[in-house]
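Both of the next two complexes hold chain A, though its partner changes from chain B to chain C.
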Partner chain A sequence: MTERLDGPQAAGGGESAAGASSGPSEPPADPSSDSPQPGAPLSGSDTPAASDTPAASDSLTASEESPAGPAAAGYATAAPPGAVATAGAAQAPARLGPSPRLAVTFLLPAVLLLVAWMIYPVVYSIWRSLFDATGDRFVGLGNYVSIFTDSSTLTTIRNNVIWVVVAPIVVTALGLVFAVLTERIRWSTAFKLVLFMPMAVSLLAAGVIFRLVYEQDPDKGVANAIITTVHDAFSSSAGYPGARPRENDQAPAVVQGGAVVTRQQAQAGTPVLIPLVGLTQDAVKDAAPAKAAPGGDGLSGTVWLDVVRGGGGTLNQIDPQEKGLAGVTVEAVSGGAVKATTETAADGTFRFSGLPAGSYVVRLPQSNFTAPFNGLTWLGPSLITPAIIGAYIWVWAGFAMVLIAAGLSAIPRDALEAARIDGATEWQVFRRITVPLLSPVLLVVFVTMIINVLKVFDLVFIIAPGSVQPQANVVALEMWRVSFGGGGNQGLGSALSIFLLVLVVPFMIFNIRRFRRDEG
Partner chain B sequence: MTTLAEPRHAQPMRRGLFTRAVDRLGGGLVQVFMILVALFWLLPTLGLLVVSLRGETDNNSSGWWTLFTKPAQLTFDNYSNLLASGFGSSFWNTVLITVPATLLVIGIAAMAGYAFAWIEFPGRDLVFLVVIALLVVPVQIALIPIAKLYGFLGIFGSILGVVLFHVAFGLPFAIFLLRNFFVGIPRELLEAARMDGAPEWRIFATVVFPLAKPAIASLGIFQFLWVWNDLLVALVFADTENQPMTKALQSQMRQFGTNVDILAPGAFLSLIIPLVLFFAFQRYFVQGMLAGSVK
Partner chain C sequence: MRKLPPIMVACLALAAAAACGSDTGGQPAASGSAPAAGGGAAKPLEGMKVEVAAKWTGDEQANFEKVLKAFEEKTGAKVTYASTGEDTGAYLGPRIQGGNPPDVAILPQPGLVQQYADENALKPLSAEVQAQIDQNYTPYWKELGSAKGQVYGVLVKAAHKSLVWYRQSAYDDAGAQPASSWDDLIKNAQTLSDSGVSPFALCAASGWTLTDLFENVYLSTAGPENYDKLSKHEIPWTDASVKTALEKLAQVFGKKEFMLGGSSGALQTDFPTCVTQVYAQKKAAMVIEADFVAASLGQSGAKVGEEAKIMPFPKAGDTAPVILGGDVAVVMKDNKGAQALVEYLASKEGGEVWAKQPGYLSPNRNVSPDNYPDDLTKQLAQTIISAGESVRYDMSDLAPSAFGGTDGKGEWKDLQDFLRNPSDVKGAQEKLEADAAKAFKK
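Now for the complex of A and B:
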């Protein structure tokens, strides 16, 4: 699939080889091999062109602004004598090139659009950010001050920091793991397609998808459905929240520290009665009728709902219409220690078998009466940012994987094989050979993710419900909210957009340096 | 992938039985792990599809995964209701925005990329560095100024305004991608055409453009997906009657709990075309991504 474009090789293969072996020594070599070629006569007119080796790699920002800067000299002034094009093309000395004037025609539409829609807005936004909400009053840096003092924008910045610290690392790490593991499975193409698919889906659709995933009700949201299933598998809680004994002196059981405890010591052979109230008939509508526990060996008894539908019945006695409470944990306690534990059957009866004779207090521990575990409140104020980051990872992990897999396929197999033959474990091969050789690709993925994360907007906007948007807010969203989403403050909005631009400037420089190294 | 596995078996003598057993077991674990991961990635989208095909009462009473125990509950009612409520016009708006924005970007960027690759003019490399710098400029920077500009030009809220915005912000990546591709075209081909005295625009149209089809396909699918999937630009610049699907759906988000029967089929309709394109052209999609990853 990479036969045509020379980009992939440059991004993956060429770079991983060059970056790992001769990385440090290469950048300085670029400008020096570049500047003699444009011709000695030229560099003579530009004063300090010869001393550009150390300066060139460090002064990229400067060269952007001043075309006459030392680094730009080799580039910008190369054209007139027609000696040099960009690197790979510099073989033909004389030629019948078209006139530079033609370039104007070819470039005009693009330049017009770029200037009017991208460069002018930057200038205008800087200017606009110095004025107040309506644009009438000059406030200097006031809008920038309020970005860093207002508590809601500070939350926004804090969230962006969380995003930038967590998301790119997780995405890159997952991408790496998946890329390495896809080489071990036969269905790697299918796997890649599945993981890559979210890239084609709009972030809005991804947001809707994850609103469904994160629904609170475990009967609707798949995340909580999985969590509660796993949770219930490890802790069996029948869950009768609200059930309690009657609060009068005749009741055979009382509440003690959340648990229900019999008032009398119980003896084997005399069934224990634990009547409870406080449940609706709906909660027990499927339950079996309660039965008295048969006497006989061992300590036994019944836990039931001592309420007859429609009233009537005898208090503290098992009436025919009354329902047994199944699955209640029952403990036999003696001297403060639990001697045995059992569970009630469908008709509410329980029996301790093999319990030494003696007298016990029967206790229903608190776990019977706590509300059932209902999963996590994903979309609540405390989990909202991790939840949205989860959705983000779902969208972008495939991107990281495909990029890293391309880099991986360019790694010389000999190196890996040699290490394996020498007895290196797979982990050692991964840690000592694969990862270092991949580091240029990993860096590109990581940087791409940072740039992307800084601008994250749609997912937060869609997944966070209106009431928790202040807690989930990020700079890009806050910019929209402040200027268009009801905030009505375009001064602050402009300041936020400039702030966002400043945040991506380091990566602008990273891109330019990478391009110049690749071209050199 | 098989190349990785073969050499290990080529050297069985050096490895003990135990190591091989661990390898085998490890291989099984990798399989299980990868299947779980793939399921994890599939389930959310599958959930959306199933929810969109279930009636409102079903969705309110049980999870979509109960489909596997009683499969008879599926219905297209949500979709027909959605289309009857006028969602079709926003689908059409999305098309009206996306197609021109994609074609314009390809055309304008191809011309610019050609100039950057094959025509020499003063300051060429500096200008190209500016294009690279513009690659990462956030959309937010232009929202307020362009809203003002559109107000002034009288195109605020129109489809034209949305299209032009997408074209401008798609250009840096497009120029970057195409210029890098054009540079790789053998110089002899162009020289030959120039010797023959062909005018530059004809060289561009007959030599370079056809050769660049893979790159243009990559660019086209990328730009198409970006514009199709965009929400923010539409949110700011498109009026209600010109709004694309994303904005139409966003306006329904406020009542998420009660609106699933609109949101789920809407979201699925909005992603079905990108998915089809993605599966049809994923080769070019990946190429484009590899060629210009940093944006």
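Now for the complex of A and C:
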């Protein structure tokens, strides 16, 4: 959120600041103050969002400091008389800086921009969040109550928690691993370049790419193509997936627990007919025509595809155009136990030889019909959030790596060398020397990622299909959807944005403090 | 023609004069009806300038400009076209606020008519235009373009949403015939499934395709009166008529072999992909969507009328459903030119000029199907005419967008959840009712 607002804002801010500063600076008519325009480039040139905020806050602290002289003087008047002399002494050096009026003149553009772009929107959002969808009726905290009672917004909060817990840790850890590993190799720049490359792609494009990666069909989706290839290397599916008996009362066989079972007890001497449907003609175009099993002793029968191209044919009877199903496992079951097993021949016929007389149920076990393994349903309701987090990691791990690598090159080599000379293993060096020395950088990356993750929007919007959007939803996306994307309830949308702000602010403050401590 | 109410017959008799119906104005045939009378040497609007804004670009724009040209030739007015881009509201909003709207705007949704009427941005249609509406449209459409008791808009271009597209070769392989009733359709689905092809490719990731499907079944089983009531939320979604329609849908949703990829596959498939699955990948036999499927056939090589055929959405009850989407023309600046242009667009004459262009379907029942350049559109136009009084507008487009038009919310989400769990009709109804109540309350 901040990044989007900051981009155009910084550029526009630079221009209007330049325009505005020349206006109010006329009354003082000070030639020395007219020529430099430091105010404009100051706010305009800082492009990255993270560093922009500290810069703005710095200018604020500067404004607090510059009137410190007069403020101290005012304070001094209330103080005991003995302190006046020191206050006067403190006031003298303050005169070295610009006059308060001049300082205010220079600060004015930045303050105006800050008010227009940051403070007014925040205050107005808070105000708006207290009203209903039309903006006419005051609802107090009603919108905030509905955030925490509505099941769909609760899902978004749950998802945001998952995101915040998983994504920053994984991104930072992967970045650290990449940084440490690439430091040692010859072509490290090339590796870093490749890993950093996803940053050059917009998040929207990354989303489109991963939408394809996660396609269910292994012919399209890379993720499932890999999984099915690995899976099929260990177990292959054979037989006739999709084949099943007709669903009506006349069908001689029915499905029971995945297996196809004859409805009647079969007797030796009477051939069993097991007609199946649900296969395309193309799937059996090389098969031999089905034949009726000859009678005689023993239990026999035919398994065939009881479908004629173009319709017609006699149901449950073997027609000349119909094809036999070869290689189907057939079991003869009696009293719940399998008594014999055989396989169908090319024309679909089977015969149990050496079976004791009696009546049996003929069963085609489920193994004949298992569908080929089709990979995981990445874009289904259960895996969608992990899948999107995967895409997020792909985009940001390179960024984390570059930051951490920069920190890595700055840590003192002698500490590492000393540890190695003392006999530490590489793991110990990494664990006890490198990571502790890097911890400030790691923390900055981690916190930046948390802020970044809280406002995640594009990837969820693009990757999740419409039907699983409710399951993949996050607060930032819900905010947009509720207020602009069809929901038409800007009261609730404002409440969500304030909620998001409250979540982000602690991390912002933490980061700003760190920056300031580093500078001090 | 037989079915026209008597007043319509009277209108037709007086067609040229355009002086009948609800036209209560004092001077019917005298002044304003001159443009409708047409012909003649006099060009009543010579030198007048009219600006019309619509979302069309490319071919659609070129076709529309041909209609505008015919209007210019007839009246002498000069018409300029402005394209609003996809988001018509975003284009018109600032122009309305700035006090400089186009003379005529063509809105993609009737909902916008209400909205702009509330903002007092629309001008009521003149008596002459209303006469054309009475003559060429059923009262339903007049009401649809009305707000606060005034008539503001008229539907000028339609999208036909009551179709089932099927793949001829799949039907041939299975030996199935196009269905004329819902039960036949289910029987066909079984036959197709037995022959080894998935009967339906549902595009359930795009929630609006499910609302279209539901609306067709509902209009058919519950009839137009209930349809209107449900559109306005005058009857709750827990009504028995909704239950009947959902149970019909469950006949499809409940069998995983009826949908390509089962319900999980269907829920991951978005709109044009399901068309590809039927016609390019040949994995399924039917896709239930509107006439604009033809535009997505592109690379599949299937030709409309040969491999890609349509059947009217089969009757699931007493009514043969015909549901239209489409664009509504409104007048934003009250001048003679603007009124005359809308009158022309609503007239038989203007509609027939437009109908000769490809990709256009007229909701005007007096535009003869013979005008259309291809058989498919002729067939569609025929269904509109024969459905007469029971043609309806897309229900989800009439609902507040929080209910009928938002991804992952309201009706879209509830029907997707129903597809995931089709045995729970009652639960689906309760969720639909809860969401509808929330959205309509505002």
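FYI, the second predicted complex is superposed on the first by the 281 of 520 C-alpha atoms of A that agree within 3 Å, B and C clash if a C-alpha of one lies under 4 Å from a C-alpha of the other, contacts with A are read in each partner's own complex, and residues count from 1 in each chain.
Here is the rule we use: a residue touches a chain if its C-beta (ideal position, glycine included) is under 8 Å from a C-beta of that chain, and two chains touch if they have at least 3 such contacts.
Note that this is a predicted model, so its numbers are computed, not measured.
Per the overlay, which chain contacts more chain A residues, chain B or chain C?
Greater contact footprint in residues on chain A: B.
Give one of first, second, both or neither to describe whether A:280 is in contact with chain B, with chain C, with both, or with none.
A:280 sits against chain C, while chain B stays out of touch.
Examine A:380 and indicate which partner it touches, taking first as chain B and second as chain C; both and neither are also allowed.
A:380 contacts chain C only, not chain B.
When the two structures are overlaid on chain A, which partner does A:444 contact: first (chain B), second (chain C), both, or neither?
first
Scan A:466 for contacts with chain B and chain C and give back first, second, both or neither.
both
Touch check for A:481: first (chain B), second (chain C), both, or neither?
Only chain C; A:481 stays clear of chain B.
Check the residue A:507 against both partner chains and state whether it touches chain B (first), chain C (second), both, or neither.
Only chain B; A:507 stays clear of chain C.
After superposition on the shared chain, which partner residues are touched by A:258: those of chain B (first), chain C (second), both, or neither?
neither
Where on chain A do chain B and chain C both make contact?
465-466
Under the definition above, what is the set of chain C residues touching chain A in their complex?
It is residues 172-176, 190-191, 193-197, 204-207, 257, 261, 264-265, 267-270, 400-402, 405-409, 412-413, 416, 419, 442 of chain C that touch chain A.
For the complex, give me every residue of chain B touching chain A.
It comes out as residues 1, 3-5, 7-8, 11, 14, 26-27, 30-31, 33-34, 37-38, 41-45, 47-48, 51, 59-65, 108-109, 111-112, 114-115, 117, 119-127, 129-149, 164-165, 167-169, 171-172, 175, 177, 180-181, 183-184, 187, 191, 194-195, 200, 204, 214-215, 218, 225, 228-232, 235-236, 246, 249-250, 253-254, 256, 260, 263-264, 266-268, 270-271, 274-275, 277-279, 282-283, 285-287, 289-295.
What residues of chain A sit close enough to touch chain C in their complex?
Interface residues on the chain A side: 132-134, 152, 216, 242, 244, 246-247, 277-281, 283, 307-312, 377, 379-380, 465-470, 473, 481, 485-489.
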